[in-house]
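Okay, got some structures for you below.
What follows is chain A paired twice: with chain B in the first complex and chain C in the second.
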Partner chain A sequence: MINLIINGLPVSVEEGATLLEAARFLGFPIPTLCYIDGLSPYGACRLCVVEIGEGPKAKLVTACTYPAEEGLKVRTASSRVIKARKMILELLLASCPQSKTIQDLAAAHGVRRQRFRQEYEDCILCGLCVRMCEEQMMAKAIGFRGRGQNRSVGTPFDIQSDICRLCGGCMYICPACQLRCTYTEPEKAVCGGCENLSPPCLEKEQFDDMMCYMDPCVACEITKD
Partner chain B sequence: MKEENFLSIIGKHQAHLGGLISILEDIQTEYSYLPEQALRLVAQETGFSLVDIYGVATFYKLFSLKPRGKHLISVCSGTACHVRASSGVVEEFEQRLQINAGETTPDGEITLVTVNCLGACALGPIVVVDGYYFSNVNRQMVGEIIDNARAGIDRVDVDTDERIFPIEVSCPHCNRSLIDKNFYIDGYPSIRVTVSFGRRHGWVRLSCLYGSYSVEQEYEVPIDTIVDFFCPHCHAELSGVSDCTSCGAPMISAFIPGGGVLHICSRRGCKAHMLDLHGASL
Partner chain C sequence: MKRLRSIEDFESLQSRIMTDHDAAVPTIVIPAGTCCQASGANDLIRVAKRELLDKKLTDTVRLRITGCQGFCQMEPSVLVEPRGTFYPKVGMKTMARIVEYVARDEVLADELFMSPDTGEQIERQEDIPFFRNQVRTILSRNEKIDPLFIYDYINNQGYSTLAKVFKMADPDWVINEVKVAGLRGRGGAGFPTGLKWEFLANQANGHGKFLVCNADEGDPGAYMDRSVLEGNPHGVIEGMIIGAYATGATGGVIYVRNEYPLAIKHLIIALRQAREVGLLGENILGTGFSFDINLVKGAGAFVCGEETALIRSIEGKTGEPRQRPPFPVQKGIEGKPTAINNVETWANIPIIIEKGAHEFAKIGTENNSGTKIFSLVGKAKYTGLVEVPMGTTIKRIVYEIGGGPVGDARIKAVQTGGPSGGCIPADLFDIPVDYDSLSKAGSIMGSGGMIVMDDNTCMVDIAKYFMNFLKDESCGKCFTCRKGTQRMYEILDDISQGHGTLEQLQLLEELAQVVKDTTMCGLGQTASNPVLSTLRYFREEYLAHIQDQRCPSGVCRALITYSINEKCKGCQLCLDACQQDAISGKKKELHFIDQSKCIKCGACKSVCKLDAIDVV
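Showing the complex of A and B:
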């Protein structure tokens, strides 16, 4: 067993467990996009970043690929982690705003704007389909090609692979293929959809003596813990 | 395409695991590109999946899936070369060759590529033609470089190139001249030495022009063989003290009367040579 401290709580996990597994075992939520149980961790989306170490040596690592170490101090929701996660989501929104998975994650993390040049990529190179094809379907029909900005997923020579059984596993697992609902204007980077519920009278907190005639107030009920 | 040829290349590297890049490199050297059939055969023979092999082949810039021309022109577009206007040089090449970077001329002669850094930033913009470096290239030089490439850069122009000059060398042991006035190479008396490799001994006559690789030999020495050199007069070995910086084989040395030492790599085919004029009375 390996003893480590997650968010101040001492915990022991089995040898070989990753930080993500350890944190989830304790009940600390860590968002993931390219991690799915049953597929090998890949560390592509960086959403699962956590902060390890202390002081100036503290650094961000991906929880899904980092093995639990004896005596490691992990913070899963420090301000640095939250900031990095929001930035990652913003960048994901910039490349693939049509994905429901990404929109839901962005809404859940309170990302309300997208400050980068808007693109509409079909693929975020998370590698889920490649791993699905290799590890669950035992096919290895698709893989990564090229590098840098020319990196893409597909079959060799871009022709129908004779290994592919058309199982559809790659499409099933793809987060970019799951289109968001077109509830609001589809052009907008952040859909601002159903999960982005924020209280209408946010300013109330700035004024202690503010009078409110709403009783019961929906906004107050939501913000109440 | 010759299937046996691919198979022999694959077989050569089969022994050690992870030889995939070596196999692809050898195929690329042989055919100047990686044919689809070859990749399928590599997959079948090595047990790697075609996806992985295709991934490797497309990842590295040195591999090409399209046939390449006889001559390769690489223009550096790294940061240092870029700020010295290498993009203009690329444009000029593209206009003159009527192709885009990364393409081959329709006659199959020249392939133009851009590379990101050649490690000679102080000399930028750099253009490499079949392994020969042109430094401080500007638009005006492009036409000449293309002509050079088409003519074949390996052909050394003895008369007009100022960097090429005749040298005289002697044996460091008996101090007798190695110059053979009865045998001319490149229009100059040749340097005669005795060589031995395997169980064969014979003479080799080298051009005495510094920078020329012309050579005449009694027995054909296979490429990549490391050869022992001897003085034809005193039969002492012309061994040196240093190793070749590019291939690691021992360098042989010969004296230059008047001061200085000439170092030549003892590997056949390796073109490393060096003139050490330390202490020479010039």
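Showing the complex of A and C:
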């Protein structure tokens, strides 16, 4: 067992546990966006930052990926953490304002404006769909491509993947388009594609003339030329 | 080549090579690294070979083709041994004459280096201020060795430190020597190398351990690793074998970027020769110790220089950093313990063993021992690779070695550490160049780039340039690094266009701090440095852009106008130079620039001999 102190409270966790697990065990809330139980932690959104260490050596790390260490002192809501989280939410709002998940997170943290030039991107590259596809659906049909501002999610060479079983798991888990995709309620659905196991993202032509209010939608973007 | 089967075999080979070698024979040394070749060294080699053959001098004059020697501005250059005569910027005709003069053991006086300050001619390389003020423990080996011949390296004491280590037969002694020497990693972070090796040596050796030489050198403007690999590949290989012996590593990898074809070629040849001679591979020199090195070529992403991304790249995955801990020493290539060191760090190992740890520790300052190679580029009179003891002041490097400013501009800052480094203003030039002082001043040592900037450099533009580089080179995994660098670039671009506001400046600072705090790897954690350090020392330049819509250095195109003053004599040079036909005026009369056509390219200013073009 590993003993550490979170917000002044001692806690023991098993070796290999992350700071996020330890903090949640104690009931301290830490917002997450790219972490979901059942998928391996990735550390993309940086929303789960906590402060570790003391004095000039104190630094922020992502709770979802950082392993619990013996004697570590963790603060989950120091002013440095709050400041960073608010800025991250502001950046998220500036890029992907249409996501309900992001709006809710922003509201919960008192972020009510963003000061950057407004963009309407549809993917925040959290990587949930990539991990979902690989780890839960055992398919590995999509992955990251490119780096820096050219990074994107998709199939290799944008060719429809042979391994993809059209399960729609990627769309189900996407935090950027959750509100717009109605997945399990087909009667309300715009396309109901995932319910029919034929997501529009994979046969886009079929839906070309459809007036989809989900636009822009990650699912469509995946197969964009 | 005969395979050496024991340490005695090696020693007798070495002493035979050394006695056969007559150092008094005049030798023409032509450096032919990538930079030298680009400026024409290959032509010189051709001319020299032909002349030597034509004049039947092949027995009396030797020719040696080496790696770059560092004075890149004066390339292609020629050095003549044993006199030490240095000829800068040699043309093909001059080369032929040099051969003639060398054969007669004379000096070709009118082609020598001339000091622009005193006007006197300087014959010997070591008397030229650029070289005289350096301490060239690593670079000086470049000029002694033809990298394509392992015997040339052995002739210059090569591999004798390895023999010494084998004879000592005590791995702990080696680690202790490196620790006592106080060598800190030259790749940027300055982690003590001895300590890293000790960690690796203490890991269980169940499934093997790896050593890696990081030659990914992605900083724009830095090329010291390339020069070391091109000029002295065996030095790095010897360092790695010693490291493997000390730590019990079973495999080695040299990770070179594919943009360095000459370095790759020299490494492949060097590795093959070392294997043939029995200095690499199974049962090295009959000691029972085995170690081999593979070459892995990287596709040239800056982020692949970061340790964990580099490991993933070696494994054939996307070059993307991961969470540390676990550190590579615990879990590296394929989950096996791995120690990664920079090219220059490896090149220092044979020097430490040769000199002795205590001698080595005397070079430089406390906690920052040894020498460091910098690539001095930008607005200095002399540019090239500069090797100085750690702790040398910036002033000394820029003024005494670099020769100060070009023309009558005033040097205002140096940028150290590449894209993730920072700018240090001229009034801080007395600080010593070492890991701790630089980071206190808001910059980093990085791998050793040093860019000199003068009055004609706009700091907003510099920050924007580096941010542009970083937003493309970030791996994109961390949201704050990917979007943060994009947003910082966006704001900097606004400011340089004159649309910036004070609120944006405030936002820029807040964002820079958060990006620094919340990113995973060194790239993101230092990505704000260009912004933060220029804001710290040159805030007034930012304010001039925002409040007065003015670029004080005359760089940001949206904020400047070119106009012609009354010094103009109507020579029409600018009129011809302007591709936009924006300049009009009769011969011998004052000319005029039509602002609606001018694209602010500055072509007119660069051709005007009368200083008649104003930029405001």
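Please note the rule applied: the second predicted complex is superposed on the first by the 178 of 225 C-alpha atoms of A that agree within 3 Å, B and C clash if a C-alpha of one lies under 4 Å from a C-alpha of the other, contacts with A are read in each partner's own complex, and residues count from 1 in each chain.
Definition applied: a residue touches a chain if its C-beta (ideal position, glycine included) is under 8 Å from a C-beta of that chain, and two chains touch if they have at least 3 such contacts.
Here the structure is a predicted model, which means the values were calculated and not measured.
Q: Is this a clash or a fit when chain B and chain C both end up on chain A?
A: Pair status: clash.
Q: Scan A:H109 for contacts with chain B and chain C and give back first, second, both or neither.
A: Neither partner.
Q: For A:R24, is the partner it touches chain B (first), chain C (second), both, or none of the two (neither)?
A: Touch partners of A:R24: none, neither chain B nor chain C.
Q: By the touch definition at the top of the document, which applies to A:F144: first (chain B), second (chain C), both, or neither?
A: Both chain B and chain C are touched by A:F144.
Q: Using the touch definition from the top, say if A:K100 reaches chain B (first), chain C (second), both or neither.
A: In the superposed model, A:K100 contacts neither chain B nor chain C.
Q: I want to verify the contact counts: of chain B and chain C, which reaches more residues of chain A?
A: Between chain B and chain C, the winner on chain A residue contacts is C.
Q: Output check: A:G43 vs chain B and chain C. Expected answer is one of first, second, both, neither. What do you get?
A: Second partner only, chain C.
Q: Quick check on the superposed pair: does A:K73 touch chain B, chain C, both, or neither? Answer first, second, both or neither.
A: Neither chain B nor chain C is touched by A:K73.
Q: Check each of 205-213, 241-249 or 259-267 in chain C against chain B and return the one that clashes.
A: For chain C, the listed stretch overlapping chain B after superposition is 259-267.
Q: I'd like to check the shared interface: which positions of chain A are touched by both chain B and chain C across the two complexes?
A: 144, 146-147
Q: Which of the residues in chain A end up touching chain B in this complex?
A: 140-147, 155-157, 161, 163
Q: Sort out for me which residues of chain A touch chain C in the complex.
A: 42-46, 49, 59-60, 62, 65-67, 69, 80, 83-84, 87-88, 91-92, 94-95, 115-117, 124-127, 144, 146-151
Q: In the complex, go through chain C and note every residue touching chain A.
A: On the chain C side, the touching residues are 301, 303, 318-320, 323, 325-326, 471-480, 482-487, 490, 503-504, 507, 510-511, 514, 517-520.
Q: In their shared complex, at which residues does chain B touch chain A?
A: 36, 39, 49-55, 58-59
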